[in-house]
């Protein structure tokens, strides 16, 4: 299934999103832009799941929002089946949104508290009336509810009557209502309990098997990402740190940040419970004022002078493999050794 | 899940019908009754009572409330001896027509512009807001004079004046709320589904702004009726022989020491109507707010055991 | 054996929704000993948050109603305390950390102010002292440059930092008991680890008990000493965390463990619990788990299992606990 | 921030210009001041003479040009009716009105916040019902009716207060303020109540509760400040709308304010006074709106950092 | 005892300028009290009496000679003399100053004053003005030091009280002028304040906050001990547009008169002391015809109906919708009166609709030129001839080119011209004839009432309001008890 020869369904090229402090009040002075996403590239192929992980605030959601064109990018392009979504007109965009759907991070906020579940789940068909004839809405709503592990009679309830996990399933059901080709899942299972999480993941996998849907799966629960993803991308502070087949990234992370991340994962394996995690010093730097060179260098135990000077590019690690990493001193390289391409400087 | 189970649970209604929820709220029920009576006035009053309402009978001049001058004079009579009760009933049509239309026009116009200002923002939003500033600082009396002088003091023109002067509050409140609501994730979710601005404004934003606006609307009823009264008094609003409650209040003002009921009776009608509108609107707010609805549903449970 | 710090006994909480009554907590019992960390596991909707809210007495009443049971904290039934008595104990003796730290912090006041407020409402006269203590706390929960950050507003903080602020606020008065309702669910693993480390450390240093509501088995295993597993508003199994998670006695606990992604090899399908969660308004007769239970027998359909102590320190509510233990052992 | 104020001031200046242009041209559609100011049997010759003298016979656009030119030189014209510089008249009346309006609004804000919050604390309770009903009555009661009844009661029957009059003695202010406050109070209580009901159910209120603080502090320190934005929006609008209430107060109680001045000028088509008083009040109103925006920022730090 | 009189007026004075002093709102404060004219018209006899002039004579058709009072000084100590009168004439008659007095009374002839000596003044007119002394009762004399162009802010006259400052918008104060030539009352100072609501003014007198207020609304005059009625020269009537059918038919106009029940309105909508009227001037005005005073149309709806039927039989379109135009606040209760009258007209079968208008709009109906092809209109109007000579009333109301007239009859025109030119003893007689003829033969109006007003007079003072109280409140007539 990996790296199909076919065309990627989404191609993200140099995606950049800088937030300008809004005009109006700026007591905090200065015109410092927040570089939420700063030149991200990746492809998404039909039928695959790309996991996207990274620390809170590193720009995962912003990537998702920009792909959905909920935000206008600062630079870069996103090609959906070869067509740049940022130059789409209104009708093209509407079609795109039928095919590219999203599940949001915060289930409490993502559902309108005034609408019943029935209304929430039929909203996609209100917007795209040609998808499903009206008479079938009620039945389909209940089917969707059951599909995501809820009860049909929940259709008449309102969001405040559900727990967070139940709400998230409603959000997933809504995204599935249009049978999209790409589903961007922005931490869809973070708020779910294990069993439901398993259901949802199974569900997502089933749907993928049936429809060849592609997932961009953002999560911070590494075990889930490990389970569901074919490929994994690790972001740090608006940049891609590492991207590659899931097994490679998880088993032998190339980027020190990936390694630290993986070590922090709580595990169920008895032998690993006492495992030491690689502690990261300090907080994640502000995206308004990111470190020069490699963005991770301020917290990296391997950082050297060069890291502050040169921005590491995504390169195959080990050379020739499918996995790309942006690091001057990847994990497999001995600490002291300076990669030869840097030696000239 | 089993298909049978699915089938069974489809269309099971777990909510009371609205009228039973209404009966739960005694105040709202009373308010609806008052409005039904008003509607009867509006449709039947002018049909049957026009003559009674305008028949001058100087013998019953300023008759106090009571039965001394016959049933029609139960609420008293005005300086021309015209009975207040039929006048109130006949006046209901104009009064409510003016109040409803102006408040609704102001609401529609204000909330529409407010939504645009809030949702679209940018230059257009700014433009709308500054326009609102200009309109708010335009004295309503001058506006009334202009419109009514140029366009005759007709009910519809009066509505125009009152609507314009009331618009800015709806505009501002709506915009403020929209600014907040549009940042919520469910709005993004709807956009991601392909929902355009009209869809989102209608389905997501309007229902959330509605309760706040509802509150203002009901109080505005009173404001509009009294504004109309003030205009009449200055000689540029509705004028006799038309009848409106506001006009009745304005005319009764001269007799406060002698015949307090002249201003009081229509004033009380205005108050009652405002009160009823408010009680109904708060009832509506409760039944439309899923998180509050139980307040009405619960009472039966409590009463049962 | 001394009396536990907190004993929840047969707690029942109902919600009135529409025409029906949701039995969100339906006879839950649990204990927390002084100084220990107890994890509460359970699927979504099983009543974990409601139980926590009931202990804190912040249930929205109505529609909620405490239908029965008692909550004994430091020897007193908190359900019968007067509101003012209870307000005295809040923050001083028992504190709560909520999951959604963004909405749980007041957006219009600086973070430091909000922490200092805890001291001020509990007797600290001097604004200066309270502020100094707040800065101290911020430092303690690992916020760099606390003097400056204390003057900033919640929206200027990242999710992880907000959660730290919440924790700082909660531990400000060194409560005996900290209830943490999914404190790290929204956070990424590195931050989660930081925060949990911090809670554990404070607990250890102060002898503070923690009731930790979580979904995450890994978190429970790593940080808690004991665990309570909730299902349909009841605590169906309780015991030392390693024992319970390695040798579950309740079929629900077992199923929960099996549904974790870690329990599966890559590429394998996950193994969720069959069926759907119970409708709390219409609980089935007998054991509430029986419709989804692989081991259900007739007795399970007929009667609700009583709580039994199968092993020392382990409590379970299952007719067939022994069979389950055996299966696991096998 | 200064830049922001500058920007808003500039926008306001544009708004003011639009307003003045609108007032100038629209006012002239309401009829000929000659016909109102001259004796009832004035003949056409006299009317024409008057118009020529006041420059009203010239094309409106030219009149406007002259007006703008004069305004730029600080001359706001002379009252057609009173033959005094219009600006002097307006500035004489201005302080009284400002004092009345702002005292009233301060009272309204404080009292409505207190009362509305109490009502919102337990929606549907007896307290809430009482507050709702009484605030609605206060919003829908004709103010002149109250004003006169209050005079008859407090001044004539009980003789506690003077009937009317303007002075620094607080007793002169009690009744006018009481009446002026009624309508905005009724309106604002409703808004406070609605806004507070929403706020009181938010998570941070729960946090406040678990800190163990008193309900009063929860309501007034935590919830109210968050609920304040819509309240201020409406309060500002009510302040602006107060000019109508002011006319009544000023007429009945004999306060020498701008409300009566403006109404009289409008009714007499005394254009220079109409224009000057609108300009001056509009400046106050525009300033108020800027202040409201600044208040938003002061009250909600999120706006500042957005 | 503090002898400061507090007068509460219905409206603030608009200006204190002498040449605006005949406007009621201003006159109540400044007329006579601060500024005095050369002559005054008696409220009882209608005769012209001396004030600053002690006597006058007509030298020829065009010239009048006035002898001025000796030893009079302005409040600023400037001497009052012929020169001062000339200066005031310049000031008042300067058309650029937009003076009400000039516009109202001094149109239609030109005056040339000549100073004969310090206290003697000749005034020459370009046309004969038989009632020049009456006209001069409106010319208030201010100090020659008053500004010539602008309106003064500090009135300086010769009167018994002098301006003593004001709180803008709240009160105006005057104090006794010790140098006044006349006999003072015992009032030392006066404070003028104003309140729009008549009920508030009434209350202020009751509780002793003020001593005197004119123009109380009928319904507030509830205390017979304090409230004093006075005929205030205001006459209320309806003017018929006789130039449009069906109102051009006299029978229809008579029918309208028969249809009105004046008696029923007395004591209800208008004061019980009001007098049903037959002409627009009150008794006491030169030219008022006492002959027709008791020929008030009786209330006779049957007669009205039969007149209408008669007219209809002759092809008069009596069903044409007639517009009844009222003016809000023309008098208190004006609206109620109009509503009652509308009902009465409808009673006799006329198709009448009422339209209450604000003054600006009302003038469109009331003043010439009227639009071509207009609807038949009946306009509510009032008149207050307080200058004591009907000439001020007849020309504008009934002459073909009268600004407020809606009739044209050359015969009447000739009669008016003749009467107003007459200066002899027949003058009154001639004018009386015009009124009688109009009333009996023309019926251009529906006369209603000579109104009365009420003044509330506080317990501390003695004051008897009179015909002139409507336009001037002479403090010299007020005494503390």
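Per-chain residue numbering starts at 1, and chain names A, B, C, D and E are given in the order in which the chains are listed.
Keep this in mind: a contact is a pair of C-beta atoms (placed from the backbone, for glycine too) under 8 Å apart; a residue touches a chain by one contact, two chains touch by 3 or more.
Quick caveat: nothing in here was measured; it's all calculated off a predicted structure.
A.B. asks: Based on CA centres, what chain would you say lies at the far end from chain C?
C.D. replies: It is E whose centre lies farthest from that of chain C.
A.B. asks: Measuring between mean CA coordinates, which chain is farthest from chain A?
C.D. replies: Here the answer is chain E, farthest from chain A.
A.B. asks: Where the centres are mean C-alpha positions, what is the separation of chain B from chain E, in Å?
C.D. replies: The mean C-alpha positions of chain B and chain E differ by 47 Å.
A.B. asks: Approximately how many whole Å separate the CA-defined centres of chain A and chain D?
C.D. replies: 53
A.B. asks: Distance from the CA centroid of chain A to that of chain E, rounded to the nearest Å?
C.D. replies: So the centroids are 89 Å from each other.
A.B. asks: Which chain C residues touch at least two other chains?
C.D. replies: 17, 100, 276
A.B. asks: What parts of chain A, by residue number, touch at least two of the other chains?
C.D. replies: 105-106, 146, 151, 153, 157, 161
A.B. asks: Any chance you could list the residues of chain E touching two or more other chains?
C.D. replies: 199, 358-361
A.B. asks: List the residues on chain D that touch chain B in their complex, please.
C.D. replies: Result: residues 11-12, 14-15, 18-19, 22-23, 26-27, 29-31, 123-124, 129, 132-133, 136-137, 139-145, 148-149, 152, 183, 186-187, 190-191, 193-195, 201, 229-230, 233-234, 236-237, 240-241, 243-244, 247-248, 262-263, 266-267, 274, 278, 281-282, 285-286, 289 of chain D touch chain B.
A.B. asks: For chain C, which residues count as touching chain D in their complex?
C.D. replies: These residues of chain C touch chain D: 56, 58, 60, 86-92, 95-96, 98, 100, 103-110, 117-118, 121-122, 153, 155-156, 166, 169.
A.B. asks: For chain B, which residues count as touching chain D in their complex?
C.D. replies: So the residues of chain B touching chain D come out as 27, 126, 130, 133-134, 136-142, 145-146, 149-150, 165, 168-169, 172-173, 176-177, 211-212, 215-216, 218-219, 221-223, 225-227, 229-230, 234, 249, 253, 256-257, 263-264, 267, 270-271, 273-275, 278-279, 282, 291-292, 295.
A.B. asks: Hey, which residues of chain E end up touching chain D in the complex?
C.D. replies: 14-15, 17, 95-98, 100, 103-104, 107, 150-151, 153, 167-170, 193-197, 199-200, 203-204, 206-207, 209, 358-361, 363, 366-369, 396-397, 401-404
A.B. asks: In their complex, what parts of chain A are in touch with chain C?
C.D. replies: Checking each residue of chain A against chain C gives 53-57, 105-106, 108, 146, 149-151, 153, 157, 161-166, 190-199, 201-202, 205, 220-224, 226-228, 246-247, 260-261, 264-270, 273, 277, 280, 282-284.
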